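What follows is subunit A paired twice: with subunit B in the first complex and subunit C in the second.
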Partner chain A sequence: MKAAAFDYVRVRDLDEAQAALARSEGAKLLAGGQSLGPMLNLRLARPALLVDISRLDALKTITEMPDAWRIGAGVTHARLEDLGERLTGARLVGTVARGIAYRSVRTRGTIGGSIAHADPAADWPLALVALGATVEIRTAGGGTRAQAAETFVRGAFTTDLAADEIVTAVVVPKRSAAARTGYFKFCRKAGEYPLVSAAVVLDPDRDAARIVMGALPTGPRDFPGLAAAVLRDGAAAASEGAIERAVDDALPGLDPVERRMRASAVRRAVLEACA
Partner chain B sequence: MTVLTLTVNGEPVTVDVAPRTSLADVLREHLRLTGTHLGCEHGVCGACTVLIDDAPVRACITLAVTCDGQSVRTIEGFSDDPVMAELRTAFSREHALQCGFCTPGMLIAGRDIALRMPCAAPETVRHELSGNLCRCTGYAGIVRAVTTVAAGEAAATARAEMPTIDAPVILSSDAAPLATPAPRSAPQSSGTPASASPGVAPAGVTRFEEQFVIARPPAAVWAALTDFPMVAACVPGAELIEHGDSHVRGRLHVAVGPVKAAFAGSAKVERDDARRIGRVQGAGSDAASGSRSRADATFRVEEAPGGSRVVLVVDYALQGTLAQVSRSGVAQEIGRRLVATFAANLDAALAGEAAPPPQAAALDAKALLWASLKAWLRRLLKRPPP
Partner chain C sequence: MTLRREAGKLCATARPSHRDFDITSPPTDPQGIGARVLRKEDARFLHGRGAYVSDLVLPGQREVAFLRSPIAHGRILGARKPADRFVFVRDDMAEALPILGMSGLPTYRPVAQHPLAHEKVRFVGEAVAMACAPTRAEAEDLLERIEVDYEELPPVVDALRAKRDPSVRPHEEWDDNLFLSLGLESGFEENARKASVVVERELTLSRQAMVPLEGKAVLATWDQRADGLVVYASSQAPHLLRIGIAKFLGLDQRRVRVVAPDVGGAFGYKYNLHPEELCVAWLAMKFRAPFRYVEDRREHLIAGANTRQHHYKITGYADARGKLLAIDAEVTVDGGAYSNWHQTIGLEPGQIVGNLPGPYDFHGYRVRADCVATNKPGFLPYRGVARTGVCFAMETTIDALARAVGREPWEVRRENLVPAAAMPYENVAKKLFDSGDYPKSLDMAREAIRFDDWRARQRTAEPDGRLIGIGFATYCEQSAHGMSVFKAWGMEFIPGYEQAMVRVTPEGAIEVRAGVHSHGQGMETTLAQVAHTVLGVDLADIRVVLGDTAETPFSTGTYASRSIVMASGAVADACRTLVPRLVTIGAHLMQAATGTVRLEQGRVVGPQASLSLREIAEAWYCRPDRLPPDVDVGGLEATVAHRPQVDTGAFSYATHAAVVAVDPGLGSIEILDYAIVEDCGTLVNPMIVDGQTLGGAAQGIGTALYEESPYDPNGQPLAATFADYVVPGPVEIPDIRIAHMETPSPYTAFGIKGMGEGGAIAPPAALCNAVNDALRPLGVEITETPMSPQRVLAAILRAGAPAGRDAGAGS
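Now for the complex of A and B:
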């Protein structure tokens, strides 16, 4: 199908973008367009106005700070994939980027667009929560606020972003050299959205651990008790029974197949991190 | 219409297009470069893969207006490219094409793999090509061809001439520290308790159960739930078109993220006033997205500490475009949000507070799709007036 008609404006800076968003009720930001594009073509989305921020260089910088990486919202998955190992202390970012959809999607899709879109099965909402990342947001008045990734994503396609706010960057804290990570997702076909997913970050030197489940309609869900046990006792704390109990506590009443798949995703991610 | 300038296969081109026009349509319809094929038109099949500023992209989900000033290379633009020449030979040798529909996309994606991944193993090539579908299922030959070329001389030479990976990392040890994260709000709770017994829905049908407590006696709640206009007024995005004792017609507007849908439909309503049990069966469709939904909902009102408990069980099936997008229980989640909002509105209405706006914004900011939800809700609406 072809997209329904809409107006289009390519803005020169974020001020213009926010003015355009404020002006038109049906306005929608366009970054890489890799989620919005299909929705436009299927006519599921029919915005009155697309505000194109894909050319804003200000959103494309990657800055290494002493204790974190600041990744501009307009940075593509492909660029993070190519940086890979160079993202010292945050290599999981490159790993996750490499697994998103296909190269011809990664060359345009952006990290900021992905987390603002908040598809429940997407990689970044899950990975950024596990990494303890912070979302940097430009507010209506031109100010900046920062919000932890776990409270930024509030559910399927739902974020804490106000209509005239724009994600400008994500800030990923660096982990110590001793940190280990695991990431697992099950997709029926390579590159498709996963049915279940999980991410694990263990950083014994910083006494920090996160085990997070993704592909949930309510947004990523973390397991602090399990994470603390795994940090303390290693893989031994992540027996099938322990993980299934944690899954049952978090998500009572799952059907047996889904319960098993979710527990397996968590276990595989934990075992990778403990390997 | 918007005038834009592109460089296509090395030639400057100016076209005047509507903003909604995809790059693929500009290439095919305006420039008659029909080597770029359109298969799925929503970014799944890869047949429309072209290069923009040397990076592979899907032309079907790339708006032409966003490419203004950029350089596009289509399958017609590789006649002097040594890597593509090797790929063409390899495709012939390995019988890597049958009907040829996927071939332009396969060649451009294959060339990109050869340039990025020296000596890629067949498994790697297979994985990297997973975004390009061949309906003749000729993958074995395609993978062999790309694997050979990735290990070949033309690709090695081309890689040596490529600029090193663009890594515009700004190293700054004195970057301003980030403001302290200040979570503005807690994660959203589901608003209503999850059902204790999920039950089992028939095959192909998804079951959704929800319940909420209203601080009013059961008789009052039952009366409200069987008052169609009142129910409609409390359901975000609902619009009551017409109703009788046992039927209802209406529309439900749902907005989830960028997705908006308006399901029009009708349903029949059965009720047992003595037992305070009702059943609504109906169907609806969203013409714009070509989606349909069916639902069969039962509801009952029972005594509960502090008022009445409303228990709702909905079996629904969703077909069409929206169904393709529905994953990970999104429909159920949106249903939960809808019911939570409905419960709050009903509570307020019964408490004699200002009636909710006649047509609450469709699922406020957050709502998204779910047609199905709408459908059930509609069914809810359908309850005949006492």
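Now for the complex of A and C:
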């Protein structure tokens, strides 16, 4: 279980990184390496070239803006965990970061790496969609484009990112003081990927609500109807039956065990937000 | 004995009631048998200075990687490999013989396993070719240049179906799919006939891997001076591995030396000869150079998914009060494709048939255990060997009977246990239980988890909608069984006289050499405690040497919870042999009559003076002019063999008690409390017993709730990494509380009973009984391990129960 041979370059800036990506077919960016590392060792990933961007300080800034937090793609989960409550208007980011894998993974794994890798069971694709975050991308020509997280993640391990593009930041909008969030995931073992997960953001002052289910092979799944009902009626709209109906509408034909488990995850995230 | 709570832990306060052992130190000796001393070996382990096979580097060594079969069953049509490299297939290895495990059990069918697959592959992960290179990565690169053509054959994946329908067979030369079938019947019909209550269950334990921290590992080289192999291997039994390598490479045993350095867990996985070990030894022999193979985790989870998988059809017969009258069982073991050398697959049904009756007093028994060949890795015995399965079957049956007669499971269990007054007791399977108070362990466990409080709490619904359940499992564990038992199992190697060598070194320190080997048991400490008990020498001055066939006397090794029992007897006897020799020399040096001199706390004490062992040793080694003329020329070292007076085994036992909360929304199980009351006779080091019990229980919890190696219908393993094979970690293991009883065995040295496996036996049974207690209001039961969320939810949904939580939220 050792990686196949690959070339490696540690770049000094994003220009160099993009040049390396453009130069080599099958080049892959290396940030925290917490997903890529095992895949290399299992020879599931066989890049010809690894472009190491893990030391680029430009990707490690966290900036508070009036209405959002801009989090550099190279920011580790551990830094967000440690910021925790100080992420005013976006505290869910700290909560989610704290629950990712183990501390040793969190000290290396990055938020940009996670969203770009788009593991369907990972936390960030789910949480960033629920938070209405935007992914900031550096394009091949050195320009910048922004894309909503919900369209950026297209499915399991699939994103809208082109081969020579780099995720540079995620921008998380601040919620009002009245906003409530809920996040629930069920892992068989602490630190492992969840079997089911859900995230809820309710912001009555801005008339915004999101209920999103994670850990789906098709990528995060939005429940707009249920979200509107919960925003209007609170927990009363989140009965077992109502949630199961919403799950049935979104994912018809689930086997009963999975249906129960998914509905429970959604319901618990909703009830947390409504508590 | 009383229990007290201290900082969240349950401790047994009282010391043993009787200790009439032949020991020279007082029982309060802070270093001897019974002392809670820190492990001598831990300094090197905790500082990362352990020396495992992976830490060893020999000049010019090559790393070996194995190409493994991607299909479950097929014919090898041909193979192409780079001719200019160190790449080998079976046909290149003429000097290596197929591995063949023989058993004297009736109906046993031997089956050869070639070191690399020969003509056919029979499971995914079977080694087909090997490549050698300076690094493992380069060796794996070479594997990619080997092309093997297979003709795929239909695989045998389901043992029950394979038993019914032998049209597809992993071993086509057989006429069915049975390695062997063992049965036993004793008083069944006449006792079953009297029953007024009958319960029948089908139970399944899933296949799993053993997952030691260190997988298998072997480094072999050629010693030109000795003209033989030196094999460093992560092994529980270096002396038997030596026999195996010599036998299957056609070498004399004197030309094979096996060194087992530090071993990072074994659990049975490292007791038998693995094909990879033979391959690496062959390379070293063939090329007179060092080669090393270290199993990685993916290989372990695929090619080492080899244990626990039992299926039971079990029927319990009882009277109206739940008094057990008879047990009838048909057990199917999914044996995988091959039978190992040397224990063979026969060990598993042997243990099933003998141990299914558990700690109970009943007289009607009928059992048949079938070992079925399937296209999976060959079955190996795992910590608890079959008893985890039989305990699961027996204990869930006891609970089912209790439910059937409408009584508390603990009450029915208690009334069926062999009472203390009946000891020694021969059970329905002719097992001789030596000593103990089984019902008392249950009483103490019930008290420990505050059973009545939980029963009271169960009467009101939990605010979070979870269902609470309480479960017990009581088992007894045959440990340190010897010659008579292994002979009956038809084993090729039968343990008998365990040997140890003890030497007083020139500086008056003690060296203990034994052929058993530690792979987590702490024997560098416990055997030193035994030597200290006899000789009184400070533990710091006692060194225990294990693991090297060139440095230790022969032993069949460490397995079957035997080492502390057998080796303690041998070490103590060897120490005792030295006592009169030391006393005689000391008396002469002090010019005192021998009868007035004794050994006391590591010194030879006379009427007027005393001498250190260093002074005695100095006389023997360096100043023979001072020795008495009639000095014992055996000198200051002795190798002595020991065999317990009765070698049918010392029976440890325990009751495990569990309280769980089942979440009907997710199917998850939280262990709210877990208590173990165990009796392994005389405790040599209570801290090590606690550690062993905890470690075993953690593995048992793994079997109960997490660990599973599933296969798809094509025989493809579905859990090849830790992402899919779930091993419980520190968060999943509850704060297990342990209390000890201490009933010495009448048959063994110091009254010690083995206990290395016990912790792993009861958790699936105790937890399943607890879960079924929780599900009782729903009228459903779990009958399969692991009790995964999916299985638990499926049962709850069968009952049509709601997800439960926050029912007040309206619908």
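Worth pointing out:
Heads up, the rule we're going with is that the second predicted complex is superposed on the first by the 275 of 275 C-alpha atoms of A that agree within 3 Å, B and C clash if a C-alpha of one lies under 4 Å from a C-alpha of the other, contacts with A are read in each partner's own complex, and residues count from 1 in each chain.
Criterion: contacts are C-beta pairs under 8 Å (C-beta built on N, C-alpha and C of every residue); 3 or more make two chains touch, one makes a residue touch a chain.
The structure presented is a predicted model; accordingly, all values stated were derived computationally and were not measured.
Shared-chain residue A:P256: touches subunit C; no touch with subunit B.
In the superposition on chain A, contact is made by A:A4 with both subunit B and subunit C. Within the superposed three-chain model, A:S264 lies in touch with subunit C and out of touch with subunit B [touch as defined at top].
In the superposition on chain A, A:K174 makes contact with neither subunit B nor subunit C.
Contact with subunit B, but none with subunit C, is seen for A:A146 once the two complexes are overlaid on the shared chain. Of the two partners, subunit B and subunit C, it is B that touches more residues of subunit A.
Looking at the shared chain after the overlay, A:G219 reaches subunit B, while subunit C stays out of its contact range. Contacts of A:S239 after superposition: subunit C is touched, whereas subunit B is not reached.
Residue contacts after overlaying the shared chain place A:G191 against subunit B and subunit C alike. Using the contact criterion defined above for the overlaid structures, shared-chain residue A:L42 touches subunit B and also reaches subunit C.
Within subunit A, the residues touching subunit B in one complex and subunit C in the other are 1-5, 38, 42-43, 189-191, 193, 195. Taken in their complex, subunit A has these residues touching subunit C: 1-5, 38, 42-43, 186, 188-193, 195-196, 235-236, 238-242, 256-257, 260-261, 263-265, 267-268, 271. Listed in rising order, the residues of subunit B touching subunit A in the complex are 2, 18-20, 22, 25, 41-44, 46, 49, 52, 55-58, 60-63, 65-66, 68, 109, 112-113, 116, 127-128, 130-132, 165-173, 175, 177-188, 190, 194-198, 256-261, 288-289, 321-322, 324-325, 327-330, 332-334, 337, 365-366, 368-369.
By the touch rule above, subunit A contacts subunit B in their complex via residues 1-8, 10, 28, 30, 33-47, 50, 52, 54, 60-66, 68, 70, 78-79, 82-83, 86, 101-105, 107-108, 117-118, 120-121, 134, 136, 144-148, 150-151, 154-158, 160, 163, 171, 189-191, 193, 195, 215-219, 252-253, 255. Touching subunit A in their complex are the following residues of subunit C: 135-137, 140-141, 144, 296-299, 665-668, 706, 721, 723, 726-729, 731-732, 788-790, 793-794, 796-797, 802-803, 805-806, 809-811.
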